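Chains here go by letter, A, B, C, D, E and F, matching the order in which they are written, and residues are numbered from 1 within each.
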Amino acid sequence: MDNSEIIKVEQQRIDGRAAHQLRPMRVTRNFIKHAQGSVLIEVGDTKVICTAMVEDKVPPFLKGQKKGWVTAEYEMLPASTNTRKSRDRNRGKIDGRTMEIQRLIGRSLRSVIDQTMLGERTIWIDCDVIQADGGTRTAAITGSFLALHDALSGLIEAGKIAEMPITNYVAATSVGIYQGEAIVDLCYEEDSNAEVDMNMVMTEAGEIIEIQGTGEERPFKKEELQKLLELGEASIKGIIAFQKDTLQD
Amino acid sequence: MDNSEIIKVEQQRIDGRAAHQLRPMRVTRNFIKHAQGSVLIEVGDTKVICTAMVEDKVPPFLKGQKKGWVTAEYEMLPASTNTRKSRDRNRGKIDGRTMEIQRLIGRSLRSVIDQTMLGERTIWIDCDVIQADGGTRTAAITGSFLALHDALSGLIEAGKIAEMPITNYVAATSVGIYQGEAIVDLCYEEDSNAEVDMNMVMTEAGEIIEIQGTGEERPFKKEELQKLLELGEASIKGIIAFQKDTLQD
Amino acid sequence: MDNSEIIKVEQQRIDGRAAHQLRPMRVTRNFIKHAQGSVLIEVGDTKVICTAMVEDKVPPFLKGQKKGWVTAEYEMLPASTNTRKSRDRNRGKIDGRTMEIQRLIGRSLRSVIDQTMLGERTIWIDCDVIQADGGTRTAAITGSFLALHDALSGLIEAGKIAEMPITNYVAATSVGIYQGEAIVDLCYEEDSNAEVDMNMVMTEAGEIIEIQGTGEERPFKKEELQKLLELGEASIKGIIAFQKDTLQD
Amino acid sequence: MDNSEIIKVEQQRIDGRAAHQLRPMRVTRNFIKHAQGSVLIEVGDTKVICTAMVEDKVPPFLKGQKKGWVTAEYEMLPASTNTRKSRDRNRGKIDGRTMEIQRLIGRSLRSVIDQTMLGERTIWIDCDVIQADGGTRTAAITGSFLALHDALSGLIEAGKIAEMPITNYVAATSVGIYQGEAIVDLCYEEDSNAEVDMNMVMTEAGEIIEIQGTGEERPFKKEELQKLLELGEASIKGIIAFQKDTLQD
Amino acid sequence: MDNSEIIKVEQQRIDGRAAHQLRPMRVTRNFIKHAQGSVLIEVGDTKVICTAMVEDKVPPFLKGQKKGWVTAEYEMLPASTNTRKSRDRNRGKIDGRTMEIQRLIGRSLRSVIDQTMLGERTIWIDCDVIQADGGTRTAAITGSFLALHDALSGLIEAGKIAEMPITNYVAATSVGIYQGEAIVDLCYEEDSNAEVDMNMVMTEAGEIIEIQGTGEERPFKKEELQKLLELGEASIKGIIAFQKDTLQD
Amino acid sequence: MDNSEIIKVEQQRIDGRAAHQLRPMRVTRNFIKHAQGSVLIEVGDTKVICTAMVEDKVPPFLKGQKKGWVTAEYEMLPASTNTRKSRDRNRGKIDGRTMEIQRLIGRSLRSVIDQTMLGERTIWIDCDVIQADGGTRTAAITGSFLALHDALSGLIEAGKIAEMPITNYVAATSVGIYQGEAIVDLCYEEDSNAEVDMNMVMTEAGEIIEIQGTGEERPFKKEELQKLLELGEASIKGIIAFQKDTLQD
């Protein structure tokens, strides 16, 4: 998972990586037996269980339209973070960050699905972070794409749908500016001190599905944005190559 | 509010505007007497009441740090949309879109505030949409910057703070690709049919505070992103000029 | 809005009014474009947006009875009061005062509607207080009657209902005893220090729809009640004349 | 409990009573051993457990003011009504009618308490309706006054307060217009078909604490209001005599 | 309610009872007029209102299966305990202990019901504790069995069901180890200091429906368990004899 | 994990086990890096992540008592069951079964902890079921004992507490009667069809901490209870031996 030929290394990072270097990524498929698709994705110390479960009905707003739906939920286990994270259910409401993330995951996956080919089905994506070290939302997107792919392959094998409704590969990563330098795939330590933080969701062809950049510490220049875009695109190409390898096993 | 010299008009839009043309913007200052700062901002048919209220304490996580805080809430009145929008309080939870938006407003304003100069105070920003026709979140940012500015001017006049803690002007607009063309400041009709939708929050110097782009109908190319960035930057320059005019009245 | 001929002035009030004198009242019709009826009503510094939206179905308990329903919701914007009012949605429950008020508005309007003539429709009344200075609930009733009237006129014009289902004009005001004297249309300052506080909802003919009186500081005598009733009746007559003028514009 | 000398009987009611006749009232004191004051009050088939519990602290808004507080909660048991009433806790919110009633009870009792003499204490009043047949809110007020009296007598006996902080007796009843006639103490059957419904809370001296009248079926005339006030006053006098008897046992 | 012949008395308890001696039990049938079955059960100072209401439909998961359902809710009135117990509805969630208890009551009653003979009906059991002195859950089971029996007898009399769907008598009591000795029917004082606490639900034939034992202060030996089982069985036999007497009245 | 010498095999079970035979058990220690203690416990196809996190404060009711607290939360991931389990947070309340289970885990662990030796600390136990195939609550107890042990060993190593506050080993298993035969460690299929279901929590010495038995399909005889107790005791001895092995690694 090294795209060192593409971008030049500038200085060593907290965990010894070069600016453009992704953390080691590992995927365990069929991690949960009850889900039609399920993976444990590990990106460095970030670990997320992504599952895809098929339900043979659609939400009310899609009823009778001969189309399917993909929706996602995201949650962090209490022990996934350094300080124990209280469960949302105890406060009786989902926190804002969680909301944002699960909406992002849902949109990202829907954008590469042909809803008509899916038939009147809902695919429930669940991303449960069991250990967090930065980049949980992008790991969740990359991993749940694989779970979704496995679940849909299962539907094809079972003769329930004719062809794969996935129109494109999709993966995500974070980029940011940390101590003045553009870096990729930020770990928690980097993420909490980054001047600029940007999440990118892209296709195999380098097209953009989602881009969300924030000047956490200061506004950032257009030139910085360009550098981040470049870095992110190169990295996501690498991740999609990895996804393809994984699915061929 | 016409920046027609900057970008060439290509075709007429639903409401007769050119691609690069913003809707008419109007601001009524001191709209609500109880708030230290308050404006009614109108962007075309979108109307948002933005207020800034000062509280002389900070949230627990900032206690004792001699810094202030700016936080935002956003809500749509039931009659603001075509089909009556049920109040969040009746469902007992805030909807995900609302969460995303109010977090965006808060982050945008905090990024141009020197929290130390603010002292141990919280500025509560409330953005209540009374009529929606696309672009409510960007109107809310543009308008609440003005309400915030007025509230802080009041603190200076009252001798409570020494200098203006605002470090930069900030405004926002939406850009998108609609029927293959890049356009700015989308009305509701355009927004719901756009292929690509992007919100930009920028400073006077053209630096980026937030950028959130989504391929609603399809992934989008880097070249499209570039065009959108250009269009957004030019437009936000115009909006900030308008903000300055308003504050000089 | 001066009914000085009817009741004798006794002493000057906080804002210079006579005991029997109403505050200036202003109504802006068609304030929100998405609602079938909508007004901004201003009673002194109290400002309420009242909207009426038509939905072509009825609540479950009325299904199949060939009758319609009118229901109301009331909310105060956070900046409407001197000290910021936290949103109900954040506490996950509607506060008791809000409940009382919205039930009062709903009952008052339903009492002048022929539900059968309405057909199987629900009229949703929303009263959002943007600035409060006493008398928000009575302003809401007076204003939402107008919004309701406009919405129903629209249904008639559209040929959806044959005749106006409104059987009576209805308006409301507050009366109270303040420093020993009976006064009408209390502003916030008066209201919070009144010994007795009473809200009256009446028809054009001076008949009572709702009457709610409370001895805030002390029990009150029957003679005081009589004086308040008289004062309220005269005032509501004036308000209904104003409503008629407004609707003739 | 017959005040037949005071008002002339006109026609027989559903349960055989005369228009001005109250239902039989029964009170069992010390009904619950853990509460400092507790009664079971029965008004015809309406049965309410009213308890008063003393807590040695006040709500935040009264802290340090050397004053006490009286607050009330009201709830109906599921089996108290003909059709099982779902518990508020299951819907996660208190229904509007319950809110209104418990606020009314609290205000009524506070109006006859000298908060300063109470010291920094809260008296929690709980009114749990175990069987409902109309008039539960007025029975709750009448009964919880007795529970409150017993709890305060206990504080005096224990030497915790010097004198009785109650400044006045208070009781309540309902009056209404049913089939064109003014009647008192409506049972459920009468209440649900009444044209006008009014709850009155009064002192021994016939002064008004709360009055809430609603034209359920039609607006009502001032003359009708006068008749209802008269009827209610006479009846409450009788109820207060009964309260005094009860407390002398 | 003395089964002194069965087990030998060893030492006197707080309230003067022998180890094996139950508290006095009293049942008032038809306590609430609106419920098809209703009792007030008193076990010493523990008092619970148990009602059974019949609804002519079943929960979704049983639809179309020609079977009925029995479900239970349990709640404590605020004044039922020494320190006022805040209502669940105010915290917006049911507390864990309440959940456990109402599930236990429901399971216990369902285990002696032939659901098919019940027809497509739900029996709602409500157990409202008005005064608590230990053993509220077991009193609730014993009492609600009687309310259920009365409600079902009513259905038979009304010709709605052919035969009694109850297959067995069921009653419950608590046993425990207190100061080293096995005792039955613990009052609150004993219960809060018991080393071991066990609730038993049994049939007339001495068969077990539910058994829940906890080593509150220390783990307990198998021999202790045996002693508790014996004690509980003998006591429940006595309670069931009492239930039969009650129903024959 | 075979205790075949202790109890005689009678017939083969669904998964080929003998009646007295436990499923294979596997434990991965230090599964989550942020928790002071954490294990993944697998019992057949049941997989639970158990973590123990230390917080240096106690709940309000223990403040100033120089004692610590152990509390547990339990949750099932949506994909842990055959049909996707909706998250508690979405319904805004914790389901009853979850409540029961987490209270059981907490009580079980507290019964083998010397709270005084723990100091003023709370140990938060989290049990998240990632895959369920029966026996999740007993696996959670067995596993979280290990996580708790590891967390406390860490406190000793860090010099924060002097000695191990654990007074006893504790483990749990389920026993039940299935097709007339007593079996141990029921898988989901067996559990859902068992006539009798019992969970046992015991110490190394065979003493009982919790016992919860339910006649799901029918009441059960005392002789059956005895057989189940015997079977459970022998099995828990085996599990505790396994726990000791694990901790010695």
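One rule holds in what follows: contacts are C-beta pairs under 8 Å (C-beta built on N, C-alpha and C of every residue); 3 or more make two chains touch, one makes a residue touch a chain.
All values derive from a computational prediction rather than experimental measurement.
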* **Steps in the shortest chain-to-chain touch route ending at subunit E and beginning at subunit A** => 2
* Asked: Common contacts of subunit D and subunit E?
  -> none
* Longest centre-to-centre distance from subunit B, chain (CA-based) -> E
* Structure fact -> Greatest Cα-centre separation from subunit C belongs to chain F
* Note whether the interface between subunit A and subunit B is symmetric in residue numbering, meaning over half of all numbers used appear on both sides, and answer same or different. => same
* How much rotation, in degrees rounded to the nearest 5, is required to superimpose subunit B onto subunit F on the basis of Cα coordinates? -> 120
* From the C-alpha centre of subunit A to that of subunit F, how far is it in Å? -> 34
* Structure fact -> Distance between the CA centroids of subunit C and subunit D (whole Å) is 28
* To do: Give, as an integer number of Å, the spacing between the C-alpha centres of subunit F and subunit D.
  => 52
* Structure fact -> subunit F touches at least 2 other chains through residues 92-94
* Would you mind giving the ring's chain order, read from subunit A onward, with subunit B coming straight after? => A, B, C, D, E, F
* **List of subunit D residues in touch with subunit C within their complex** => 92-94, 96-97, 99-100, 102-103, 107, 111, 168, 198, 202-203, 205-216, 218-222, 225, 229, 233
* Across the complex, what residues on subunit E touch subunit D? -> 32-35, 38, 45, 49, 51, 53, 55, 73, 75, 77-82, 84, 87-90, 92-94, 124, 126, 128, 130-132
